[in-house]
Amino acid sequence: QMKVQIAVANAQELLQRMTDKCFRKCIGKPGGSLNNSEQKCIAMCMDRYMDAWNTVSRAYNSRLQRERANM
Amino acid sequence: PQLQRFVEVEAQRQRAQLLVHHMTELCWEKCVGKPGPRLDGRAEVCLVNCVERFIDTSQFILNRLEQSRRARPVLSESAAD
Amino acid sequence: QMKVQIAVANAQELLQRMTDKCFRKCIGKPGGSLNNSEQKCIAMCMDRYMDAWNTVSRAYNSRLQRERANM
Amino acid sequence: PQLQRFVEVEAQRQRAQLLVHHMTELCWEKCVGKPGPRLDGRAEVCLVNCVERFIDTSQFILNRLEQSRRARPVLSESAAD
Amino acid sequence: PQLQRFVEVEAQRQRAQLLVHHMTELCWEKCVGKPGPRLDGRAEVCLVNCVERFIDTSQFILNRLEQSRRARPVLSESAAD
Amino acid sequence: QMKVQIAVANAQELLQRMTDKCFRKCIGKPGGSLNNSEQKCIAMCMDRYMDAWNTVSRAYNSRLQRERANM
């Protein structure tokens, strides 16, 4: 149950940071609605942010494993 | 159960307040330049739009994530083993 | 009592963020004292920051209510 | 009561340390450009002034808030219902 | 003791995840400009190098601190009284 | 024991913030290794950051003492 809580906390953390980054990147001056080009930008931004998160996770884990192998 | 309900409601209230603080900072940066003797109408409109668009963005991301998760699990594993 | 603690925490959070923002905005190179124009700037900055906080709170609450009405 | 006093003192100490970390970051950005072989005198003076002005700002805001609160309550209600 | 071990492992895992989130933000800012239809190869390499160099930096600082601490204690006292 | 925990937390906080600041300042585009000039930059940066932390700590403590004396 604690594991589930941590997984949820991790997903929420990712969501919050991603929302913040993509809002800053895609919404210049906030208008009366989320227009089409803003939506496209957010969609791309979140896909790239998750790519980046995956790449970083993999790089971090492979580094951890290399260091453990060297110990 | 009544105490638990109370704790949950208060936790939810606290998350909402942190979100308000976060949006205040973010929208203050986007909408308010040099602080003047009063908040002009343009900044006021910008702040309201900023809150609305931030929540829109948040919901847009959640919905899109939900759709792609239905197709294939994305946030399946934790970052560090 | 828990409610009071949360209200205090909320006021402290507002204070901290406001102090940080207004210090960054109003004090360029920190000198030997808080001069007159810096004090004026801080006074205006804090009033505007609280205006912004109130506007954001209202906008957030009205959005919440609209969404609840739509459910 | 002695334990409680100890916990309070330690909590206060921890808040003070976080404030020191926060001011170090803020004043580092304001006062130290390219890090050189030693902290030059100008940066040192700037750091001390930065701490003093930050605390002044914090007290100025608190005092002004206290005055206006005496006239009319400002931080009366919580942000989210 | 088994529960304690479990709690420690989970706390460690959580710290690792926060570090991954932090590095994602930092390296995203350094390596990804305008988000395009896919993460190009250059950004991918930059992200991997960014993680490696961040951990290098962290270890470099820790080692150097350890060396100077052997000579003279640096982080001896707490910041506030 | 609680005091030790806090001292450790304090050192970790300093380390984390210092690592972040010096990485941002010294590593422009991350390359295939930490090169010599980057290492020199990090070494200077961490010394200066600790100087700054010490100066800020001293200034804060002397302010505290002045205020206590005035009370």
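In this document, chain identifiers A, B, C, D, E and F correspond to the written order of the chains, with residue numbering beginning at 1 in each.
Everything that follows uses one rule, which is that contacts are C-beta pairs under 8 Å (C-beta built on N, C-alpha and C of every residue); 3 or more make two chains touch, one makes a residue touch a chain.
Quick caveat, the model's predicted, so the values are computed rather than measured.
A.B. asks: Averaging each chain's C-alpha atoms to get its centre, pick out the one most distant from chain F.
C.D. replies: Relative to chain F, the chain whose C-alpha centre sits farthest away is B.
A.B. asks: Let me check something: if the centre of a chain is the mean of its CA atoms, which chain is farthest from chain A?
C.D. replies: Of all chains, D has its centre farthest from that of chain A.
A.B. asks: Can you work out the whole-Å distance between the CA centroids of chain B and chain D?
C.D. replies: Taking the average C-alpha coordinate of chain B and of chain D, the gap between them is 26 Å.
A.B. asks: So what's the Cα centroid distance for chain A and chain D, whole Å?
C.D. replies: Here the centre of chain D sits 31 Å away from the centre of chain A.
A.B. asks: Indicate the whole-number Å distance between the mean C-alpha point of chain A and the mean C-alpha point of chain B.
C.D. replies: 15
A.B. asks: Would you mind listing the residues of chain A that make contact with two or more other chains?
C.D. replies: Each of 6, 10, 14, 53, 57, 60 in chain A touches at least two other chains.
A.B. asks: Out of chain B, which residues touch more than one other chain, so two or more?
C.D. replies: 13, 16-17, 20-21, 27, 31, 50, 52, 78-80
A.B. asks: Using the touch definition up top, name the residues of chain A that touch chain E in the complex.
C.D. replies: 2-3, 6, 9-10, 13-14, 17, 21, 25, 41, 44-45, 47-49, 51-53, 55-57, 59-60, 63
A.B. asks: Flag every residue of chain D that touches chain C in the complex, lowest number first.
C.D. replies: 22, 26-27, 30-31, 46, 49-50, 52-54, 56-58, 60-62, 64-65, 74-75, 78-81
A.B. asks: State the interface residues of chain D toward chain F in the complex, per the touch definition above.
C.D. replies: My answer: residues 6, 10, 13-14, 16-21, 23-25, 27-28, 31-32, 35-39, 43-44, 47-48, 50-52, 55.
A.B. asks: Could you pull out which chain A residues touch chain B in their complex?
C.D. replies: Residues 6-7, 10-11, 14-15, 18-20, 22-24, 26-27, 29-34, 38-39, 42-43, 46, 50, 53, 57, 60-61, 64 of chain A touch chain B in their complex.
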